[in-house]
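Written out below as structure tokens is the structure these notes cover.
The chains carry the letters A, B, C and D, assigned in the order they are written, with residues numbered from 1 in each.
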Amino acid sequence: MTPYAWLIPLLPLLAFVLVIWRGDRLPGRGATISIAGIALAGLCGLALLGETAAGRRADLTYQWVVLGGRPLTVGFVVDPLSAVMTAMVGVVASLITIYSVGYMEGDPRFSRFFAYLSLFQFSMLFLVLADNFLFIYAGWELVGLCSYLLIGFWFERPAAARAALKAFVTTRVGDFSMMIGILILFLHTGTLSFTGVFHGIAAGRIGGPLLTLAAVLVFGGAVGKSAQIPLHVWLPDAMEGPTPVSALIHAATMVAAGVYLVARTYPLFLQSPGHQALTVVAYIGGITALFAATMGVVENDIKRVLAYSTVSQLGYMFLGLGVLSYSAGMFHLITHAFFKALLFLGAGSVIHAVATNNMKEMGGLARAMPVTFWTFLVATLALTGIPPFSGFFSKDAILLAAYAHDKTLWLLGAAGAFVTAFYMGRLTWYTFAGSYRGGSPAASQGAHGGAHGGGHPHESPRVMTVPLVILAAGAAGLGFLESPFDRYVRFPGVEAPASSAPLLVVSVLVALAGWAAAGAIYYWRILPSAVLRRYLRAPYTLLVHKYYVDDLYGWVFLRAGGLVVLLAGAFDRYVVDGIVNAVGWLTGRLGWALRFLQTGREENYLLLIFLGLVVIVVVRLVR
Amino acid sequence: MTGEAIAFYALAAVILVSGLVVVSSPNIVHSAVALVPAFLGITGIYILLGAEFVAGIQVLIYAGAITVLLLFVIMLTEGGTGLRLQQRNEQGPVGASVAVAIAVLLIAGVTHTTWGRGAGTLPAYTPGAIGQSFLGTNLLAFEGTSIVLLVSLIGAVIIARKEE
Amino acid sequence: MSWSHELWRAIEGTVLIFSGVAVLAAMFGVLLERKISGWMQSRLGPKHVGPQGLLQTIADTIKLLQKENIVPRNADATIFASAVLVVPLAALLDYVVIPFGTTRFGPLIFRDLNIGVLYFAATSSLVVVGILMAGWGSNNKYALVGGLRSASQMVSYEIPMGLALITVALLAGSLSTVKIVAAQARWWYAVEQPLAFLIFLTAAVAEVNRVPFDLVEAESELVAGYFSEYTGMRFALFQLGEYGEMFAMAAMAVTLFLGGWRGPVLPPVLWFVIKLYALIFVFIWVRWTYPRFRIDQLLNFAWKVLIPVGLANLVATAFFVMVVRR
Amino acid sequence: MVPLADYLVLSAVVFALGLYAVLTRRNGVAILMGIELMLNAANINLVAFNKYAAPGAVQGHIFALIVITLAACEAAVGLALVLAAYRSLETIHVDEINVMRW
């Protein structure tokens, strides 16, 4: 299968073309074609996984064009990292596509949704298999485009349109810094392919601070796409899109692309002197982990809470990569993909049932939606790192490496873990425990399309619950695959530190403490949230306003933008137009002045001639 | 003061006086008629310079033909009747100053340069010599002038003719 | 020669010419004309004053001298007066180059200019200016029209006369009148060049505004032509100018075509006078035989007949001189 | 012997007179007269130089003769133009003939 690796991205592309072209007239209005496409790709991915495990590697390069004497070779690479990612994307995407058939049922633009999904799958697979900066960047842009299209799928709702635009622009900022990084690398190493660049770096063509700058710039792209600290503002708003989109793009695949990018260009980060680039990655990851988690605590919209959770988990992955535990970071990515997708789909089915996103209007759904509840519970336990679920293995590996590497990072991670446990507990109690609080039918803005009236919540149809169960199995079972994974996906020379028991115990205790705190406040009401809110007024408002980051951007950029616009307008009006008008006026004036010269009478002209003669002779004599 | 100098200054006086009359007299006919003494004065100058043939031609053409032509045209156009019209246009003073300036410049130029003393005696001057060179070395000029004469003759006739 | 001597001769010459011409040409000429015309018309002509009327013109002149000089109202006084000066002066200037005869110490000529013939043409063209001034100065429509007509007539006839002169100069090989006369030792140019002679005569008559071409002062149409406003002394001077011009033309015709003073027996000056008066007789004779030309006939005759013929003759002679002589 | 400079001064003055006439006279014919004067001034120079600079040669005279002939042509054409102007524009005052004016 390896030599035909290029076939994998091709399948979803074909599906996309077919669905866009024939659309509604296809069987199942395009859904089946899309599912078939991604399912096949997923199978091939698994086959690829098997072959790479057996040791087969391949780098299918193809000379595309000769740029000024330098051939530009592009192609696909098959190695453990890309195989794992292809498999993960394939499996998760097919499950989500199946799920969305039920979720999107009755939507007027049903077939177009699946076309966009296929396009997204193609670009994600394309990005993952790329073996050079050009292809990865191309995939990067395509993925961004699809996220814009899918977030703004219900474009008639202004909030969705604004969110899509915001997502696109913010990620563009990241892409821009990534492009500059790539250009710096290209200028110095003369090639775009990863191996070529890494050889160039090894050969010392680029080094020292410039290399660190290039690495950080490339990491900037990841920050943009994976919504890390400075550029995280777009992800919570992206929840405007349909839930399967949030699940697929904003949980499992696209946001993970940033982590994949750092992993793929790891030698770049390693070579930077004193691992400066890696420490930058680690700290940004760590801070984001804690920072995003805190914001999740005060969210009432179930999807926004999960969004902040994703941002924080991505922070953990970068933390992992930053503290030189390459395989732990990647492993956490895979496990996170499964249980976060599951959480989103679960939330989706809940919204589908109660037609509202607001947790305050839910409650007591455990009895009404048993399958959703249990799968949701499994995913929550995995996320908060409760053994024996997968989250425990991957997250603790990262914390372990962080502790060995840098104490403060470990502290950040642990605090993050506590807060994660707290807000996931809060979410679970609010949604599934207690009595049903949602009275008003179809009230909140979350419900749309497929969700029919609230009133009496009931279990989602089988087409939605089956993928939930499969994902739940993955979320639960994957943890045990850690050791083979470590051997399979590892970077030569980067070893994970030995696991130390006390640390594991500490992290589990932290998670349980989180759960207990949430239960105390929301389930057993020892310290009701209203009381808490009154005492912690300041921090509460700070968190609600998301540390005023949005406002800051709004104020700075809009104000700056306004100023620039004003300046440009003035400049254009007064300087550019000014000059043009001045020329016009001048010629007019000159013409008017010269008019008196041309009197039409010969003697005037003769006079001028002889006057000129006299002047010339006098000047000649004088000089 | 040899006889020649006296003659020169007398002739110069005649020329300049009649020139002034030509230039400044309000009556156009007066200025036309004053041309004749001017031309005759210049003929005298030519004779002083020993150019009899040129003097003869000057009298024949300038004094005889061109002045007559001028008088003819004055009579034919209202120039003659419109005697009392203001003869000078509005750039009088400026024109005068330019003319004076040029005169001063020329005179300055002339007096400052030292001319050769080569005023040797002329050989036995005969119109024949001119004839020889006209049809010899300067044949082209001669033919050219004849063509110009022909063309201007026909042109003048055509322009002046009254279209029936 | 020193300039003072030159000056003296000039003054002496002018006096001689003025008196000679005034007496011979003007006075005697007028008388002769009236006598011959009378005789032609089979009448006697002036008889009362002096023997056979010889003193008639003297009496006329004296009468004219004491007449009042009338200047027409708002006429152009300066031009009116100066015209009177120009016409006779131009006529008298012709006599400078005419060789009256030859004596032991060289030809009897005032000044033998080597551009003689050209000088003659030049001075004769000056008369035209005088006529125009007279026509304009007298502020009289008829005078003006008369002046313009005579000017155009004289200008037109100058060209054939010039051509005739050139033909003769070509034959003689020099412009100087003395050399031309010398060149006619064997054959008179009238014989060699009968055509040129005829052209010269007709042009001469026209130049002088004599009868066939005397449209200028044709009594019936333009009263007295350009000098109709002149009275007294000015009129006399004009008469002097006119007759002086006639005699000069006759004299030049003699020198150019009739061998000047050359003659078998009689002394040179006598020959010259005989030939001169023969031509004058012809002029007067012509006056009473040909009807007056109309102005357009007159000009057409000059431009369309005389000039072409003159040119052809000139070219023929040039060819003859070039081929035959050399 | 009259020095050459005097002739040149005389011609300069005559030229200036002619120029003044050309520049200031309103009547077309007067301007032509001015031009004639200027041409004569040039002729004086030519003949004077011929005598003082190259006594043997006749080029000066020939040049002067050609100038005189051309002056005659120029006068003829000029006057024809004046006549034509008078017939069509009823005026020979040069400053009134400015149909080309703005």
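Couple of notes before you dig in:
In this text, a contact is a pair of C-beta atoms (placed from the backbone, for glycine too) under 8 Å apart; a residue touches a chain by one contact, two chains touch by 3 or more.
Chain-to-protein mapping (UniProt): A = NADH-quinone oxidoreductase subunit L; B = NADH-quinone oxidoreductase subunit J.
Since the model is a prediction, treat every value here as computed from it, not as a measurement.
Distances from each chain's CA mean to the overall CA mean are smallest for chain D. Chain geometry summary: the mean Cα position of subunit B and that of subunit D are 6 Å apart. Averaged C-alpha coordinates put the centre of subunit B at 27 Å from the centre of subunit C. Mean C-alpha position of subunit C lies 32 Å from that of subunit D.
The distance from the centre of subunit A to the centre of subunit D, each centre being the mean of the chain's C-alpha atoms, comes to 95 Å.
In subunit A, the residues that touch at least two other chains are 601, 603, 607, 610. Within subunit C, no positions touching two or more other chains are listed. Within subunit B, the positions touching two or more other chains are listed as 2, 4, 53, 57, 65, 72, 89, 91, 94-95, 98-99, 102.
Chain-to-chain contact here is organised irregularly, matching neither a line nor a ring nor a star, and falling short of all pairs touching.
Those residues of subunit A that touch subunit D in the shared complex are 595, 598-603, 606-607, 610. The touching residues of subunit D, counted against subunit B in their complex, run 1-10, 12-21, 23-30, 32-34, 36-37, 40, 43-44, 47-48, 50-56, 58-62, 64-66, 68-77, 79-84, 86-87, 91-95.
Listing the residues of subunit C that touch subunit B in their complex gives 2-4, 6-7, 76, 78-79, 82, 86, 113-115, 118-119, 121-123, 125-126, 128-129, 132-133, 136, 144, 148, 151-152, 155, 158, 174-175. Against subunit C, in their complex, subunit B makes its touches with residues 2-4, 6-7, 27, 29-30, 33, 36, 52-53, 56-57, 59-60, 63-65, 67-68, 71-72, 75, 80, 125-128.
On the side of subunit B, the complex with subunit A involves touching residues 89, 91, 94-95, 98-99, 101-102, 105, 108.
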